[in-house]
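There's a structure below that I have some questions on.
Order as written gives the chain letters A, B, C and D; numbering starts at 1 within each chain.
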Amino acid sequence: MIRVAIQGGTGYTALELLRILLRHPQVEITAVTSRSETGAVSDVHKSLSGRLELNFTNDSPEELAEKADLCFCCLPHRASMETIPSLLAAGLKVVDLSADYRLSDPAAYEKWYGHVHVDPTRLGATVYGLPELFSAEIPGQSLIANPGCYTSTSILALAPLLIANLIHPTDIIIDAKSGVSGAGRTPKVETLFSECNENFSAYGVGNHRHTPEIEEVLTRASGQKVDVLFTPHLVPMDRGILATIYATPVRETTAEEIQQAMHDFYRDRPFVKVVGHLPRTKDVSGTNFCHLTTRFVRGKVLIFSVLDNLIKGASGVAVQNFNLMYGFEETAGLL
Amino acid sequence: MIRVAIQGGTGYTALELLRILLRHPQVEITAVTSRSETGAVSDVHKSLSGRLELNFTNDSPEELAEKADLCFCCLPHRASMETIPSLLAAGLKVVDLSADYRLSDPAAYEKWYGHVHVDPTRLGATVYGLPELFSAEIPGQSLIANPGCYTSTSILALAPLLIANLIHPTDIIIDAKSGVSGAGRTPKVETLFSECNENFSAYGVGNHRHTPEIEEVLTRASGQKVDVLFTPHLVPMDRGILATIYATPVRETTAEEIQQAMHDFYRDRPFVKVVGHLPRTKDVSGTNFCHLTTRFVRGKVLIFSVLDNLIKGASGVAVQNFNLMYGFEETAGLL
Amino acid sequence: MIRVAIQGGTGYTALELLRILLRHPQVEITAVTSRSETGAVSDVHKSLSGRLELNFTNDSPEELAEKADLCFCCLPHRASMETIPSLLAAGLKVVDLSADYRLSDPAAYEKWYGHVHVDPTRLGATVYGLPELFSAEIPGQSLIANPGCYTSTSILALAPLLIANLIHPTDIIIDAKSGVSGAGRTPKVETLFSECNENFSAYGVGNHRHTPEIEEVLTRASGQKVDVLFTPHLVPMDRGILATIYATPVRETTAEEIQQAMHDFYRDRPFVKVVGHLPRTKDVSGTNFCHLTTRFVRGKVLIFSVLDNLIKGASGVAVQNFNLMYGFEETAGLL
Amino acid sequence: MIRVAIQGGTGYTALELLRILLRHPQVEITAVTSRSETGAVSDVHKSLSGRLELNFTNDSPEELAEKADLCFCCLPHRASMETIPSLLAAGLKVVDLSADYRLSDPAAYEKWYGHVHVDPTRLGATVYGLPELFSAEIPGQSLIANPGCYTSTSILALAPLLIANLIHPTDIIIDAKSGVSGAGRTPKVETLFSECNENFSAYGVGNHRHTPEIEEVLTRASGQKVDVLFTPHLVPMDRGILATIYATPVRETTAEEIQQAMHDFYRDRPFVKVVGHLPRTKDVSGTNFCHLTTRFVRGKVLIFSVLDNLIKGASGVAVQNFNLMYGFEETAGLL
């Protein structure tokens, strides 16, 4: 049994992680930290009533390291990079669900996040935990940067066609739509029920922080400079992301060739299903699956990709990374 | 044309009031105040873009009195009673949408609201603005206490049968269900989309502040001491209240007699429709109507009452009161 | 491994059952039948894409009996009782998710369902599969009548207090609220998105078929004639039921005594959690748990009970019954 | 007063039309037809209880012509073109809310709708009722083809920039998102609450019938052949469309120039508001307004356009056309 701690345990990704870990055959949850809460974890996450007998703690890295082997870090970005070096120094393995170790260039981080990165050396050396692309690098790592939700939806859709040299790397539009849980549990007017319900809108046009993450990972994976125009929208639902992606073929191709390239790429991956129909977010809701399909319309390649932003887009892939780090079955706790 | 100001113009009831008043043939909106906002009203209420050319002001009562004849006061309770005496002294008529002048007894106010009432004399003398019961008292008043949303839903359902002596005044259960907009626009975890959506729960069991308001008004209207057990619930929708009410007949009666009593009471009231079917909140959404029906099941009288909490439950009835104060057609601006 | 078939596999309870059974360590799904569909099960239930390689069949009972040991019967009522005798005769064990074997009296069945029961002898002899009350009778049965969703929500809330003689058996109001999935997958105007969304209403007032089921089971469990006034409502959400129950104490009691009686009754039951807070449907969504609490207000006992209508209210409890029939851990596949 | 009939009065656009017309100062509603319903209109549209005392009729065109001056035709396409010639022959003016007279070429109609057009001469001669482009042609017409909902959203966004020669006419992507009410009131599995709620998906990719309508009208309006790639999506909400449009500038331009072109075009149009912020569907919900904005990102022109599909996208613009046909104020009944 691996003893696991959660750092920053009051939000939605932490709750989802707890739900998954409670089902994981190799895991014992030993600590859940919070800077603001001190009572029972199930007082904040009432769905865990009678299922998890732990109180929030404010453990130091050293105290955590006595209780746990690995820590899932669910802190906000910035807080994360200020904590993780101490967690690692204390001997813990870490899966970081924040954005702090996802980019490789400190200057890019500073540009998009508005403050200097305090751990720049490690930034460039951390493995990006998207198992469908980088599973070979994950086993044995001490720190994994868990991918963003829009990012995974987009990268899983685009990587196979870029790697197969089927689409132009710099003429890509990602029109993405996400449920509201991605915005977190901190109260804001914008995410009140009465603002989001019966409403649909774009946001972060031209400046969403998942843009450089998508570009950098796809550039690395495909070996060519990738540019994307990324437009996120807010859907009045709890969870789920659908990315509608428009790309341009680099040469004559067919609908069949494109779909086949996708099938070939994911043939042996347990959590990505290439389907024939147009996937719906509900098809993957509550699961660690990503469903993908392609269309060829009026000379453009269209890709439709769906996943659950809290699971395959956050806590599920975190456990997938955990499984790979320890050599467990990749699907353990996730089916 | 009556010049109208709105005091406290950033919330949902203020927006709804603005929408109604923009359609009212006798109204000119001359001021909208806010303590926190200073820009265009349409920057906060974007649905009014290009339709209302006013900036928020922080006018004193005297300044408001120069601009307006009547002020709709949309401040929170407590702030309301601290402002209204000055508004009246400056010569404005006032419709108060807060709870501050709804009860008649300062001790009851203090018990339920947790602080002393600062304007106790006026508290006892203010007309309760439920036109279906008190329309005769409203014309010519300077101050009207606009009713609460659960309150109107419940009182409109119960008053006819209590006045007709058909049901026991002290054996009444009101199981009420409301959309989320009633909780207002202040950010709280409880009213985040991700908390309310796909969720249903009770709240305020045994201690909701609309309880004494329902009891006091029904006691006054029926001439007998009325007690109710009131249980509110939160429905994942923007607007609408349905009250399911269980009462006990005081004597042998029939389904027909009960429904007839309801019909007779509302025969000449433009906004209350006694229907045969089970009313749905959507039937009255966006309108100033209340739909009611009755059933007689296993010896109990059941009443189903629906209205739009922001309109018939707040801003619509406020305009109905305004119309009656000035002798306009009761339905002006409201159909 | 137990080989399991699903009879009538196109609806929402069948899908939920498939999801649970795919995780169950002792189960192999060997057949899913349909009278209307012939293609891949995952063409209808697209969330199962790549996870279940079965086509719908139209197997006879004998064919099913060759493929499976037990059949979960998800047919509509009436079709169910016309099929189950053959399934049993062919040697299959059966968990029936329809209402056909829940009542014990053929006359009551005929009155509430509008047609004669064709298997009246078995009707009276079938065990009602609510494990929290009847777990001792379930092991070794060939046929289990799986309970209704409103029924379980209500019975789990009331049984402990009736058995403890704390509340009057004939003065009970159940004001219940359900998500829309309970209405099934057959297209009807009433369950269109545009009818249910942003809407709330009562339905089936005084004549809902779960009424006699609640009364009969509570009468049997408590040894006294139980009458309930049951009022269901439709909530604009996928899943979840909350029952708000009003009862009258039979003697002087306290909030603590009532809550304690509830705690005592469910002390050793894995799926019922007696909580202190007001439970929300979302707390149990996607799980086999029921959360309960009590309040004592103005002389009335209030009980709040929530469960997921598709899981604890249908397919989850069906698997719970399956586990007990075969002597597996009661929670197998359900945590 | 103009006497108005509604042909095909059971659907959502008919209900919305009735709501608007009940407020219109120049309109008397004299007939509402249905082939399936015979009772009170308010038995189907319960929100009209006590507000409209009409029964559904099955009037012949001649009977309708005796009762009414103009008929809003809310029949499905195909039924519409089979009825409208008789309505016109009987002397009625007609606003057709179906798609039957929107295209000008019978061959295009046959290709996209799958059957021959039975009134091809009139097809080519009918004015397309988008007042923001064709208001000069509408007065005095006997028949107006009311535009589609996606169509208006898209055309209002693109026409100004195409007419100003700012964007390429054949490199346009319209990624559109609509609420569910656009799918109508006929029961289908796809539009059940339990299918649409908590779900988001694309549909009709590459073959939605609004594609040729958008292309033909924009081609006519801009004098250059316009091609669009149109991808509709279904949003879990009642009403509202947002179109996110990606276009390519034909020459060096700036964000300011683009936004200014939009402002200039709509300066005197009462129902189109060019805003600075990203518009939300809720901003225009329940209104006849369209809100638009532009962005210039990574060399692409982005346009965001929102309207209420049932009002500005159907019944509101129908009344706008009615107003123009009779020379009433364009905004009569619509503010």
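The rule we apply is simple: contacts are C-beta pairs under 8 Å (C-beta built on N, C-alpha and C of every residue); 3 or more make two chains touch, one makes a residue touch a chain.
This one's a predicted model, so the numbers in the text were calculated from it and none came from an experiment.
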>> With centres defined by CA atoms only, which chain is the most remote from chain C?
In response: D
>> Of the pairs A-C and A-B, which shows more C-beta pairs in contact?
In response: A-B
> So what's the Cα centroid distance for chain A and chain B, whole Å?
Replying inline: 45
> Roughly how many whole angstrom separate the Cα centroids of chain B and chain C?
Replying inline: 40
>> On a C-alpha centroid basis, what's the spacing between chain A and chain C, in Å?
In response: 36
> At which residue positions does chain A touch at least two other chains?
Replying inline: 195, 197-198, 236-238, 279-280, 282, 285
> Can you list the chain B residues touching chain A in their complex?
Replying inline: 12, 180-181, 183, 185, 187-189, 191-198, 236-238
>> Can you tell me which positions in chain D touch chain B when the two form their complex?
In response: 22-23, 46-47, 49-50, 198, 273, 275, 277, 279-280, 282-287, 289, 291, 335
> In the complex formed with chain D, which residues of chain A make contact?
Replying inline: 173, 175, 177, 179, 195, 197-203, 205-206, 227, 229, 231, 233, 235-240, 242, 244, 246, 278-282, 285, 295, 297-298, 300, 302, 304, 306
